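Please go over the structures that come below.
Each of the next two complexes has chain A plus one more chain, namely chain B in the first and chain C in the second.
Right after this comes the complex of A and B.
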């Protein structure tokens, strides 16, 4: 019986892995193909099914005038906007979450839980509802089509995620830890920075990862709020989708866009698999 | 050096967490606050620590107002019932933390940390991570951190409650030893507990709390011998003192038409009338010439047996020596050792005790 279930389990894992890996394999092999190989049907084994070429990868570094797609600048634009947006969101979000977790706020019928929900409700609204006010506000500030403007918008979009995750994390950290730090001679700021923050690293990493994922994969606002000066990676990749799609370049660009998230996922995997984040403190 | 509380009150919505609490505590003494869950023990400790501000009343320490001093500037140490340490630091760093905060020199920190670790039996554990320690060891680290500060007031909030029985016994003895030395120096030690046995073993002064009030403050011996009310008698005895309604009539105590016995000599001055009588479980025994009761439950505890018996509406618990087996519903003859009987007025106030005579 156990052998049967064990076999069934491994079969399920194998099928699921294939389901997940297949698109990557398709993109990887396609990135090494040329026009002829792409149009001649589904092939996967280099040198046997098709002759590999680096044309798709080389095109990432060439300018459009040279027949390339110049992905380097959009890539670094995305890195800057995502890193700055996530970093600022985590800093502000962690501070907001700590105060929502530790102090009682009351304004009429509004309590801490309502404030937390207000933050996350920003993510419940369809993006298109936010796009018009963002467009008008950035326009008035002269920040349309700028990296700084995008960073501001991403902070607004990502901070609710950071607050939501960190409030939950801090709620699971016993308040007696903060109190002990105060009793041991820390003022409230020292208690936060010397004791609470170092013990919140797992939560911060998870919140940071979610911010990075949402920031890195955003297409909608990157498309609406930029024109010619600034282009982010998702927009640059989608721009390749023309009447004659260069599948090899598109695949190489797609792999480049996914690569940072894969690296991040591997780095923080151990924190994600912990399940109960507060376990770090008990 | 003394800690004086005057009329401390903390009210949340309609409930008092502390209700007009006043006391005076002197250095070199151990004070045990005993009370049931939600009696206000932790609130009182946190108020002394400065973690909670009272709605009214005040605290003075050494003649100075304590209220205006922030927590981090009060010379206080506290150990919680949960094993609260800093998980990101090693054992050594945990114990050294409060000293570093005070800016004490490294060599002095080292000397005091090593001494504190040795005092709690954790020599050689300095490099370990907190998570690598057992619950008892974690609590010892917390204790070492409270000792190392040489604080003027040491607060221990049910520090043994989350430990297993054996470890609790062991640490309780060690606590006594550690704090006997400590308290005799220049600290006020305040220990809170729900466990009467723990409170009695620690000795010193006991403050009995109920619903945010201190209902009796006296030495452990005095609390044991003369609990001033039925509430105190319930809180400070384990199992709780047996209480039963009855009358004094014609030189007899009448609990029911069948259960009557002679008035013990220490009740001689009491008038006839209704009383609540109290008798500890240890003063109940089995005797062929006793009163008929039926067994409701028998529980073996270590080398003793708790026997729950009933006679019509009268329910009592007896503590019998040795392990004895009884069948539920079986008949037993119960004897009351009236020499140890207490009499309380119908409103709960102590009227006569075997130790103090008339109140």
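Right after this comes the complex of A and C.
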């Protein structure tokens, strides 16, 4: 490749990388500011442009009464809801996907493809359409503003993703594996749990990562269905986005909330480079 | 295999999904035929009155829908072009390949609503770094409060957030392409451009179509970004369908009417996606 082309190539990837990183750098520098240095205009380099303080980071652990934003509890609420919602979705979704991939269903005009489509089509529904009936339904069941209520909603949100990825994945796991196990005297459940499942770990990890991403990043349902008892991280942070915004706390909180899933980016890349992902994503 | 076992695998998931969903969907249909609002809560029956109002007397809904089409088609188009270019750039040997791949993936791992809060400080019209830069040229563009620029800002944030998703699907596709067509192309002496037009692009057509449809579905739900960045404003210039339904339903508590909006919106969406999928298949597969 000519020098011109390769320069152009590196220029392009560098420019896009800078665009990707820019908001994180801005949040990082802002998180060390205080009222004075935020309101005096845009500044960038600590010690040169402004005097850095740790107030923003300290406020994450203080209660609102002390002028803080108490992010620890929302953080763990988010972890619990995401983990429980993803876990249930993966278990139920993997089982359903296995049956859709291996067996033939015929109920009237309904075939396998239609059942798969029914699962996946739940993603078309905008959150706002479901939020009002969910609001009324959870209210009737006394589950508004509880972790359990949110987990139920997240299962609807995440199971379609698990089914979508796992059906494609199982379609690529050769059926001979199951058949050999059955001939060796396993019943269908043993064949699934002892033979097929251990061979499906890469697919389950990919599905799990996608469930985690979409669970962790959801805002709207948590925003509508919880008020004071249970607060999730995104809701707690957006609550700061008022007219008198404490930019320093907000930036520190944003970085904390974003950090756990950045790890996922490394895992996804590993799978991508090893070629395991291309099978699971198509 | 034994007949009954297949249901043991399928039913737990299917029944849980149905159990959680059947009430909301049935209830929304019923709600759309009532006049439930904050003054007269309750499921009375008013027939199709809400739908008549929607089709004859609510230009704001249709404007929001037009705006949604504009925003989602533009962002998905940009995401496809940029995502495909990025995927092609880091597909073959390039220095720091894995670092770039990780970097390009990171935005989709971040919570949209939280990053939008950060973007809002970036585009803050007097204290943000963007206008700090533009003030060097004596300009103070109103990124969030002018009718045209606020749309641009929403698109930019959406492109930042979701191009990685397109990038991921397309790169995974590129990495799974067979080698033989490329050997044939190089034997025929095809250059990089011809190889792309006659080999890569046609081979990637099914994956491209899938990726575009998935992104369009997700983009049509655009809500968080608008809520935080502009709250639909200035005026209604960034108000999308979801946001309008949100205002009617959960701000003005016109539950009945917003249910009618939801049902109409869903039907339009299902029809549009079917049509768009057909058009895409025609456009992209024609070259083969």
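Quick note on the criterion: the second predicted complex is superposed on the first by the 268 of 282 C-alpha atoms of A that agree within 3 Å, B and C clash if a C-alpha of one lies under 4 Å from a C-alpha of the other, contacts with A are read in each partner's own complex, and residues count from 1 in each chain.
Rule of thumb we're sticking to: a contact is a pair of C-beta atoms (placed from the backbone, for glycine too) under 8 Å apart; a residue touches a chain by one contact, two chains touch by 3 or more.
Please read all numbers here as calculations on a predicted model, not as lab measurements.
In this overlay on chain A, chain B fits alongside chain C without clashing.
Of the two partner chains placed by the overlay, only chain B lies in contact with A:198; chain C stays clear of it.
Here the apex is the CA centre of chain A, and the angle it makes with the centres of chain B and chain C after alignment on chain A is 90°, in steps of 10. Contacts of A:182 after superposition on the shared chain: both chain B and chain C are touched. Chain A has more of its residues touched by C than by the other of chain B and chain C. Of the two partner chains, neither chain B nor chain C is touched by A:109. When the shared chain is aligned, chain B comes close enough to touch A:174, but chain C does not.
Contacts of A:131 after superposition: chain C is touched, whereas chain B is not reached. Superposition on chain A leaves chain B and chain C with their closest Cα atoms 6 Å from each other.
The residues of chain A shared by its contacts with chain B and with chain C are 182, 281.
Within the complex formed with chain C, the residues of chain A that make contact are 9-10, 12-13, 16-17, 19-23, 26-27, 30, 38-39, 41-42, 44, 88, 92-93, 95-96, 98-100, 102-103, 105, 115, 119, 122-137, 152-153, 155-156, 159, 163, 178, 182, 188-189, 192, 213, 216-217, 219-220, 224, 233-234, 237-238, 240-241, 245, 247, 250-251, 253-254, 257-258, 261-262, 264-266, 268-269, 272-273, 275, 277-279, 281-282. Of all residues in chain B, only 46, 49, 51, 70-72, 74, 76-78, 80, 82, 84-88, 97-98, 101-102, 145, 149 touch chain A in the complex they form. The part of chain C that touches chain A in the complex is made up of residues 1-2, 5-10, 12-14, 16-17, 20-21, 23-25, 27-28, 31, 82, 85-86, 89-90, 94-95, 98, 100-115, 117-122, 126-129, 131-132, 160, 168-169, 171-173, 175-176, 207, 210, 217-218, 220-221, 223-224, 228, 241-243, 245-246, 249-250, 255, 258-259, 262, 265-266, 269-270, 273.
Within the complex formed with chain B, the residues of chain A that make contact are 174, 176-177, 179-187, 190, 195, 198-199, 280-281.
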